[in-house]
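Can you read through this structure? Questions will come right after.
Chain IDs A, B, C and D follow the sequence of writing; residue 1 opens each chain.
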Amino acid sequence: MGIVMSQDFDFDMSSKFGQKTFLAPVFTASGCAGSGKELAQFFPLTELGAVITKSIALKPRSGRATPRMAETPSGMLNSIGLQGPGIDQFLQDDIPWLLANKANVIVSISGETVEEYASLARRLRLVPGISGIEVNISCPNVENRGLVFACDPVASKEVIDAVRRNIGGELPIIAKLSPDVTDIVSIAGEVISAGADGLALINTLLGMVIDIDTQKPKLAGKTGGLSGPAIRPVAVRAIYQVHAAFRNIPILGMGGVASGKDALEMIFAGASAVSIGTANFGNPTAAMKVKEELRTLLQARGFNSVREAVGVAHRE
Amino acid sequence: MGIVMSQDFDFDMSSKFGQKTFLAPVFTASGCAGSGKELAQFFPLTELGAVITKSIALKPRSGRATPRMAETPSGMLNSIGLQGPGIDQFLQDDIPWLLANKANVIVSISGETVEEYASLARRLRLVPGISGIEVNISCPNVENRGLVFACDPVASKEVIDAVRRNIGGELPIIAKLSPDVTDIVSIAGEVISAGADGLALINTLLGMVIDIDTQKPKLAGKTGGLSGPAIRPVAVRAIYQVHAAFRNIPILGMGGVASGKDALEMIFAGASAVSIGTANFGNPTAAMKVKEELRTLLQARGFNSVREAVGVAHRE
Amino acid sequence: MSKINRKAIQADVEVLSNKKVGAYHHMVFAVGDMALHARPGNFVAISVGGNNSSMILRRAFAIYRSSDRGQYGGTIELVVAPHGQGSKWLTGLQIHDQVNMVAPLGTSFGIPTEPVNALLIGGGYGSAPLFGLAEVLKERGCRVDMILGASTAGKIYAPLEGKRSVNSLTVTTEDGATGVKGRVTDVMSELIDKHNAEIVYSCGPMAMLSAVNEIARTHNLVHQCAVEESMACGIGVCMTCVLPVKDNDGVVKMLRSCIDGPVMDGERVIWNSSRKIPEGTWGS
Amino acid sequence: MSKINRKAIQADVEVLSNKKVGAYHHMVFAVGDMALHARPGNFVAISVGGNNSSMILRRAFAIYRSSDRGQYGGTIELVVAPHGQGSKWLTGLQIHDQVNMVAPLGTSFGIPTEPVNALLIGGGYGSAPLFGLAEVLKERGCRVDMILGASTAGKIYAPLEGKRSVNSLTVTTEDGATGVKGRVTDVMSELIDKHNAEIVYSCGPMAMLSAVNEIARTHNLVHQCAVEESMACGIGVCMTCVLPVKDNDGVVKMLRSCIDGPVMDGERVIWNSSRKIPEGTWGS
């Protein structure tokens, strides 16, 4: 059933994406938790709502050359370039370990064509035990001059449509959107109309750092994705705008969450749960810290569940 | 001639926008230097490339209600709402003082319709002594459902076109773009084709902070503009992308510049000069610090002028 | 029209002393010439968090006392509540640590040219600027009575040497732990009458100032108050700290509390205007 | 396949000592049980900048020495160069200050089961992990010779007690201020021959490791090196710290230097691959 047990019987921290219920409101963000094993030495993965795996492609990918990261004020740039073993080896190595360790798993997928997303969905519909699929559409579309899917409403819709048609009934589809667009609400509308059960907001912002000594972009890939507390106000805004437009679509909030306070901000803005990305790097136990602090803050404010707090900032 | 004298005879820090030469590469960003008087007690305004005035509208505006600001990690949100006395009183009070104090002045204008921008341009063409006009197109277009001009290539072009036709020959037009768009290069292309002599990159990013105690957006205006070091990587990326596409259009770089190192990053990315915004709040002498540090860094790298350093990060 | 405080100086200054007093920290800084022109009501703006700080804005603090001579040259004293990130960092500093300060900033309390009976009202750390004011008023021959209020005893800042400069001190606490149980406004009317107050000075939370203003108005008293709005710059360049104030011609404008304030004429302020622009405000 | 260091612990640890030595700071931390499983080559990851830091990523430092007993319980020692923002903050700490540390992390130097002649080569602060390694090798009956190089004398870190654990120490500096003028690779071949070196261990800048590897290869020697790539997490979750390495089947993969390293088999590393993915890399 995709339900993990949690220690709290008195306080309901669950969220629901499609048909799946997740008992803890804190997830790990795609690409920020390794294969799960690496964090598992710091806390039990069963404490998470789910592990969202690093976006996986059909084929193995070496990713981008190094340097792949640059620290920025209250943030960082990364340009990993979706390094990964490809779906086959991923399903063979990573998934069994996660399931054996009773982690809830949401598989994040990435493709270069609509058809690749469709193929990935077909592969995943047959995999028992996973709890959802996150569709990372912040990837360049090779069939359209490399324009990122998430920047184009039509392409975004096509991808989710293809995944929906190929995934079958049960697995919730979470569409992960990019903030680098003029109108995130309209992109959200498109993917919802194509059948997304939930939204992940937000992916990184496109940024660049120049090394003043080499006089070149610091990252080998030149641009990179900006993440961390620096972008939190942009994430909160995106969540607020999208929740205002689509009250019934659950949102997984992310972008600089490092404390319970940060998580609460996103929940008040309209997120049903949050994901921890960059904060894992600075603090391997960040997810547990966020979860504990969030519970304390919610209880102090008289909420009996996370659900009650979702979107309260929209009340007049 | 719009040329301010500077103390350096050995090192050329000048930049050129249209027909005007500015001897110092550090400007103050619109809305971040009051009327000029307030900073003048900390350093002589003649040390600046120019003072860019707070965006002025045709009519007086009270701006937004308070709270108007929220501090964020390495940044801040503001929602001033373009408070100002309107062009008449501005030309009567602020401009004469600035000119009497020998400051170089670039007037920033904002409007709610294309016609308002045109009217503002007509008013400014008759004003002796000013060195340029910055067109802030990050304003809601009342004739198009409040959609911000800068988010719409057609509207952006129309505004610059109207200003160009009304301003006359001499005054350089600097179009100030918003980073909240899917494709800033195409917007840049439109305003350049309409006759912009230079670009100001970037305006603030739309953000939000929620107060977890009141459970409401912290700002009375709900959303606000994110500025400060947090957004610098986004600014550097925008400058780099636009300079790559339009090598001959001078760019005024801004977004989190607080040190000479930050300024140099933008210059290497393609800016001809930089503007200091939020950094003035934390440090009233930030502009002078940036200017001195920038000179030292450039000289240490063997550059004989700022101009030589513009865009060097694009070299293969 | 704006009253830029042209005496403001920016400098790195040294912490001379940092002592916990009730819920607050009394902090002394060696500031050199910066102290020369500080007047009661003026404030300082301090950078917080150190070199690698994620906090990019200064914090404003009312000047509690200043002295332009003494063992350490000029000094400025503050009363700081460890509230959020910035003030906690500040109150965590050690002797000899340095901070960057801009001061003196803003307007100061208007001082009557004739001796009058003054009632000074402070809420929480809002008492800080009132003791310096009391001294000046006393020097001018005024009678000075003071009311200090807070939620609880620890939040009343009333040091011994401060008390010496007032004719009477009335304390109110909401929990009744010390002084009169209640709010400053519960005792204000009575004290106005008792001491024949002719002018009211106040400093504290906006809600208190508003309530004080109402009572001062009904008694037809001049009310000088030091307002506290969120400030991003403190020097007049950002326009975040505004509040609606009537000008000489009765026109309501959004004025900067860092330049046209913090001390303002209470009668001119349009109170309770947070989250809305009052109707009729110029330009709205 | 990856070798997660399952001994890693996260804790707030206390600065016991912080002394400037030449261009570096020798720092000692009271770490309790964290020291128990530290091996030469392992590193620590430290949060920098304090509570309000704008630096969100940890900094990695090779463990110079560790001890699981003594006056202060377990200790870990580091050699830190005050380079940029983070390391300057760290080296500015006082005794009794606390930092958050995750350790021990990464792989350790492989120790030969038989006594062999080992040549240890360090560049700059890269000497740090080599002294602990030398001690272990000596215990195993190995002959240990060491070369340390740097641009100038102040950047050679070679404390007296460290020197005791090696049979010979050769120093090179690029400016010739001390030792042989030149680079470690200028004296390396000669020392390999002279001492019949059978294995090379190295730690230092990537360019040095690459040059050392080239010479080790021409002498047909095993080369264990501790690489230094920019790390965002240090614990294997971010994939920023990768470099191309041949696996057992000769396939080149981008491996994480924080988990599959920092100590790697020099022969397997594809050197000089910054800013490009070598041809034939798996998945590219």
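We take it that contacts are C-beta pairs under 8 Å (C-beta built on N, C-alpha and C of every residue); 3 or more make two chains touch, one makes a residue touch a chain.
Here the structure is a predicted model, which means the values were calculated and not measured.
Engineer: Farthest chain from subunit A, going by mean C-alpha coordinates, please.
Structural biologist: So the farthest one, by centre of C-alpha atoms, is C.
Engineer: Quick check: more C-beta contact pairs at A-C or at A-D?
Structural biologist: Of A-C and A-D, it is A-D that has more C-beta pairs in contact.
Engineer: Taking each chain's centre as its mean C-alpha position, how far apart are subunit A and subunit C in Å?
Structural biologist: Going by mean C-alpha positions, subunit A sits 47 Å from subunit C.
Engineer: Could you tell me the distance, in whole angstrom, between the mean C-alpha positions of subunit C and subunit D?
Structural biologist: 55
Engineer: Distance between subunit B and subunit C based on Cα centroids, please, to the nearest Å.
Structural biologist: Centres of subunit B and subunit C (C-alpha means) sit 35 Å apart.
Engineer: Mark out which residues of subunit A touch at least two other chains, giving numbers and ranges.
Structural biologist: Residues 73-75, 228-229 of subunit A touch two or more partner chains.
Engineer: Give me the residues of subunit D that touch two or more other chains.
Structural biologist: Where subunit D meets two or more other chains at a single residue, that happens at 54-55.
Engineer: Drawing the touching chains as a network, do you get a line, a ring, a star, a complete graph or other?
Structural biologist: Graph shape here is complete: every pair of chains touches.
Engineer: What residues on subunit A touch subunit C, complex-wise?
Structural biologist: Residue positions touching the partner: 73-74, 229.
Engineer: Which stretch or stretches of subunit D touch subunit C in the complex?
Structural biologist: It is residues 48-55, 85, 89 of subunit D that touch subunit C.
Engineer: Note which residues of subunit B are touching subunit C in the complex, please.
Structural biologist: Interface residues on subunit B, with respect to subunit C: 31-34, 37-39, 41-42, 54, 59-69, 71, 73-76, 78, 80, 83-86, 220, 228-229, 258, 278-285.
Engineer: For the complex, which residues does subunit D have touching subunit B?
Structural biologist: Residues 54 of subunit D touch subunit B in their complex.
Engineer: Would you mind writing out the residues of subunit C in touch with subunit B in their complex?
Structural biologist: 2, 4, 6, 8, 10, 47, 54-58, 100, 102, 229-230, 232-233, 235-244, 253-254, 259, 273-277, 281-284
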